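Scroll down for the structure; my scribbles are underneath it.
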Amino acid sequence: MSLGAHYTPYHPKWYRRRVSVWWWLQTWSYTRFVLRELTSVFVALFAVVLLWHIWALELGPEAYARLLVRLGTPLFVVLHGVAFVFVLFHSITWFNLAPKAMVVRLRGKRMPDWVVVGSNYAAWLVLSLAVAVILLRR
Amino acid sequence: MGRPITPFLWLLFSVGGTVSALLFPVHLFLTGLAIPLGWIDPPRYEALIGLLRHPITRLYLFVIIAFPLVHWAHRFRYTLYDGLQIKHLTALIVVFCYGAALVGSAAAAYLLWNIP
Amino acid sequence: MPATVALAVARYRPEEEPAPTLQTYEVPFREDWVVLDALNYIKDRLDGSLSFRWSCRMGVCGSCGMKVNGTPVLTCAAFLSEHLPGPIRVEPLDYFPVVRDLVVDLSDFMRKLKKVKPWILREEEKPLAEGEYRQTPDQLDAYKQFSMCINCMLCYSACPIYGLEPSFIGPAAIALAQRYNMDSRDQGARERLEILSGYDGIWQCTFVGECTKVCPKNVDPAGAIQQYKLTSAVHWLKTLLPWGAR
Amino acid sequence: MDLSACDVLVVGGGGAGLRAAIAVAETHPNLRVAVISKVYPMRSHTVSAEGGAAAVIKPGDSLEEHAYDTISGGDWLCDQDAVEAFVREAPAEMLRLEHWGCPWNREPDGSIAVRPFGGMKAQRTWFAADKTGFHMLHTLFQTTLKYDVIQRYDEFFVTKLLVDEGRCQGVVAIELGTGKIHAITAKAVILCTGGCGKVFPFTTNANIKNGDGMALAYRAGAPLKDMEFVQYHPTGLPFTGILITEAARSEGGWLLNKDGYRYLQDYDLGKPEPRPVLRSMELGPRDRLSQAFVKEQEKGRTLEGPYGHYVHLDLRHLGEKLIDKKLPFVRELCLKYVGIDPVKEMIPVRPVVHYMMGGVSTDIDGATPLPGLYAAGEVACVSINGANRLGSNSLPECLVFGARAGKVAAAFAAELKAPSPSVLTQAHDEERRLEEKFRRGRGAKERIATLRAEMHETMEESAGIYRNGPALQKAADKLRSLQERFRHLTLDDHSYTFNTEQTAALELSYMLDVAETIVQSALQRTESRGSHQRTDYPERDDKNFLGHALAYRAEDGPPRIEWVPVTITRWPPGQRVYGR
């Protein structure tokens, strides 16, 4: 039924509201969802940055030195700062939602959500430490 | 868009999401913030290139580049659909997103293969 | 506590007007009144032409879902005191066609529910004479949560994906399919896979998660959908194997 | 007007209606069966049933004991042949529901778990936590979806039964979404519309329970049986009337007066024990418990709140674990609606109108005296509940007699030819009546809410837990005048689309008819039996009243009451003994 159509007795005249293009601004939870999805952009950007690191290392010590200088410029520091916030947001939402997507059962009993979330965070901590140690090894 | 491979793409997306959630914060914090801001000294070139020559490191790097790129492609594709309501441009979006991820992954493979 | 509270209620009279409008009513404020009580006060005393559905007034029949101040709720469980000072905005559920005032059309859900085959499917029925199918408390626990759905439609109304893609089977119907898939008495998971994993099924979902948040019965449809994605992906991997499931 | 036809038409989509529809589809798959309901089936009031459903399944229990509990619980007003059929068929019906997927609670070995219940000498009540009705209804509804032959008319409000050549041939109904009038012809009609708790102001019943089916049958000439028997459930929340299931007591809850005293021991219901004892104290029958509350109130030993007197239901000693496992809904309801956590606090409760033992008179197969018309569930009076229904008997009743009515109605329909053409004339007359009453009738002055409130007041004052002749006579007169004033009803809403004021008006007219039969039957039963307690006739009188009251509609004036004897097979009337 189209909007404003004339009513005919005994026939339904349903009203359908169109979903606004700005639907994701209507409530904070929708906005947060879209922000969560947009973390993927920063994930991809950092993957590209990693590629850049590898390339610079392959080119030799000078290129690596240039890379370090470039990374120290305010533009890159700010970019990395923003990216870091988004990537953290990604990690936290990813870990917190994990128990919904994956039900872990032990002897038929469903593990409580906090166990799943907790082990995610534990793995995060261990892996982060390992990466830091290996990368910064003198 | 053929649905049959969606489960596969979703698996890649999930692996990419997990990998990046676990490992990106520390990498990003160290190389993007802590080192440039001088909180810690940068690792020496020799140490890094040595590390990079190890096959396990190369495999590791490939994983943390390729999967997160697909993760992005998959997630961003739906964000474009829903956020901008441009589902009619499906073919274009698919080519752009997964194509970019594919190119990135190929570049990673090339670079990692050719480390001197 | 105020003596009265204002309700801004969405009106849509298809026989008279092209689009919904808001109409404000002043009702007495009572500590133990829910929004539904206020609507009934309006209908009984102020304006008999206001239309809405309700029945059990104890949160189990699923009739009285509406949007109160923008959030989908059961109006029989939404206290006026939680929404002070007012005016309290009462609107029909989002993403469904509005039939009249606060009444929306549910036929789309009814069709989808049937599509996912929400009944026990078995290759062979056990004769009644042989008694019950054994099901341990743990096996019951595996699907019990998904069986609590009262079909109140709040989850659909909270799901932007359903709004954008009306063909999406949606949270409640998928959770109910999963309720049977996880039931130890059921053998129909393979049969339901086709529809659940098809174009309008689980892959439309981007895990906004709002369905689970608004669910008054803690069914967690978002969880059901994500879990099913894993099931479907594993099934897909198996089909690659020469000896795998086809 | 829209015309359609089917073979068997089920009015009402609750437990009994859906079971009946499946019975038709399974036994006569070639018949066109349809379910017509004023709400979507999953909204039906079966959904609110909480505690459980009784059927003998465990070793040590027996059909005889279930029958005896039911008959003594019903104060010997049950038809014993019907009770025997009921207890015999209940286990298979419950098992069938298990096979259809109902999530019954289980023992650790996977077999069906049962719990004790009021007035039952053995543990035989199957349960799905404390949402048994909800799970049964959704299981039934979802199971009906697999039968393509079952057609549904959702949100169609039935206004009239079409009767011609002495048999019921279909219905006239309003399609709520559009306001269109439909004539749906059928070779057999099964009424499964539930009870009429909304005749009273304070009830556990949902808004949809207005005695629609009772009034439809009554207007079509079928009698209503035993309408004076109205069950008060002893534990409802004040104000909302939300039911706190009997299972709360069967799991070990105590009823305490204002002094913290388990007052039931003063009313010949046994000695207080810490653990629940079958057929004793809090596990006594509902009529006796509700009556004890009134006596306790007269002694000034109840508490008083903004919504009248109440007592306490104490579950605290059961512990959080048991409450969460077996009574989660009780906890949810208390937290939500009275802000009380039963784990830590006592629940305020008072008796509340819950169930109609009476209803459309049927035989043991659900057939009413009007050929082609059947009834099952709360709308019907078979009668297995007599003067007081035992908790957890009504859900299996829906299944057993829903199935029976479905099979018999299908067999009846299979032998018949198409309906007579003259029913269409009737349907057109009905359409005209509705049109005149609700579209044009402006200028009148009576409002639905006013008449309904006066009816509520009348019923509560006269037809409550204790009754007496003068009050009932006054009520009968008052209801007459309300019937008259109903003619001058005015509506704010004259539209076609989802006009809920129109349905409310039709429901009010149904309720007024049903209320009159309740009051008239109560007036003429000058004895006390089960839930019908006359202060002016306090004793049971088997000599004169071991019989059913049949209320027939009179052309003008109050309903006409006729009496038929109770069917006694094996259990001669005896004394009801609890706790001894």
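All chains are identified by letter, namely A, B, C and D, in their written order; residue positions are counted from 1 within each chain.
One rule holds for everything that comes next: a residue touches a chain if its C-beta (ideal position, glycine included) is under 8 Å from a C-beta of that chain, and two chains touch if they have at least 3 such contacts.
Just so it is clear, the model here is predicted, and its values are computed rather than measured.
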Counting C-beta pairs in contact for A-B and for A-D, the higher total belongs to A-B
Taking mean C-alpha coords per chain and comparing to the overall C-alpha mean, nearest is chain C
Separation of the C-alpha centres, chain A versus chain B, in whole Å, is 12
Taking each chain's mean CA coordinate, chain B and chain D are separated, in whole Å, by 63
In whole angstrom, the CA-centroid distance of chain A from chain D equals 54
Distance between the CA centroids of chain B and chain C (whole Å) is 37
Where chain B touches two or more other chains simultaneously, the residues are 14, 75, 78-79, 82, 85
Going by residue number, chain A touches two or more other chains at 9, 12-13, 19, 24, 37, 101
Shared-interface residues of chain C (touching two or more other chains) are 14-16, 99, 105, 136, 139, 160, 164, 206, 229
Among line, ring, star, complete and other, the chain contact graph is other
Residue positions on chain C within touch of chain A in the complex are 12, 14-16, 18-20, 70, 94-95, 97-99, 105, 136, 138-139, 141-142, 160, 163-164, 206-210, 212-213, 220, 222-223, 226-227, 229-230
Listed in rising order, chain A residues that touch chain B in their complex are 19, 21, 24, 34, 37-38, 40-41, 43-44, 46-51, 53-55, 57-58, 61, 64-65, 68, 71-72, 76-77, 79-81, 83-84, 87-88, 90-91, 94-95, 101, 123-124, 127-128, 131-132, 134-138
Per the touch rule above, chain A residues touching chain C in the complex are 1, 3-5, 7, 9, 12-17, 19, 23-24, 26-27, 29-30, 33, 37, 97, 100-103, 108-110
So, in the complex, the side of chain B touching chain C is made of residues 3-4, 6-8, 10-11, 14, 75, 78-79, 81-82, 85, 87
Residue set of chain D touching chain C in the complex reads 39-40, 42-45, 47-48, 92, 95-96, 98-101, 103-106, 108-112, 131, 134-135, 138, 142-143, 145-146, 154, 177, 206-208, 239-240, 242-243, 329, 332-333, 336-337, 447-449, 491-493, 495-501, 504
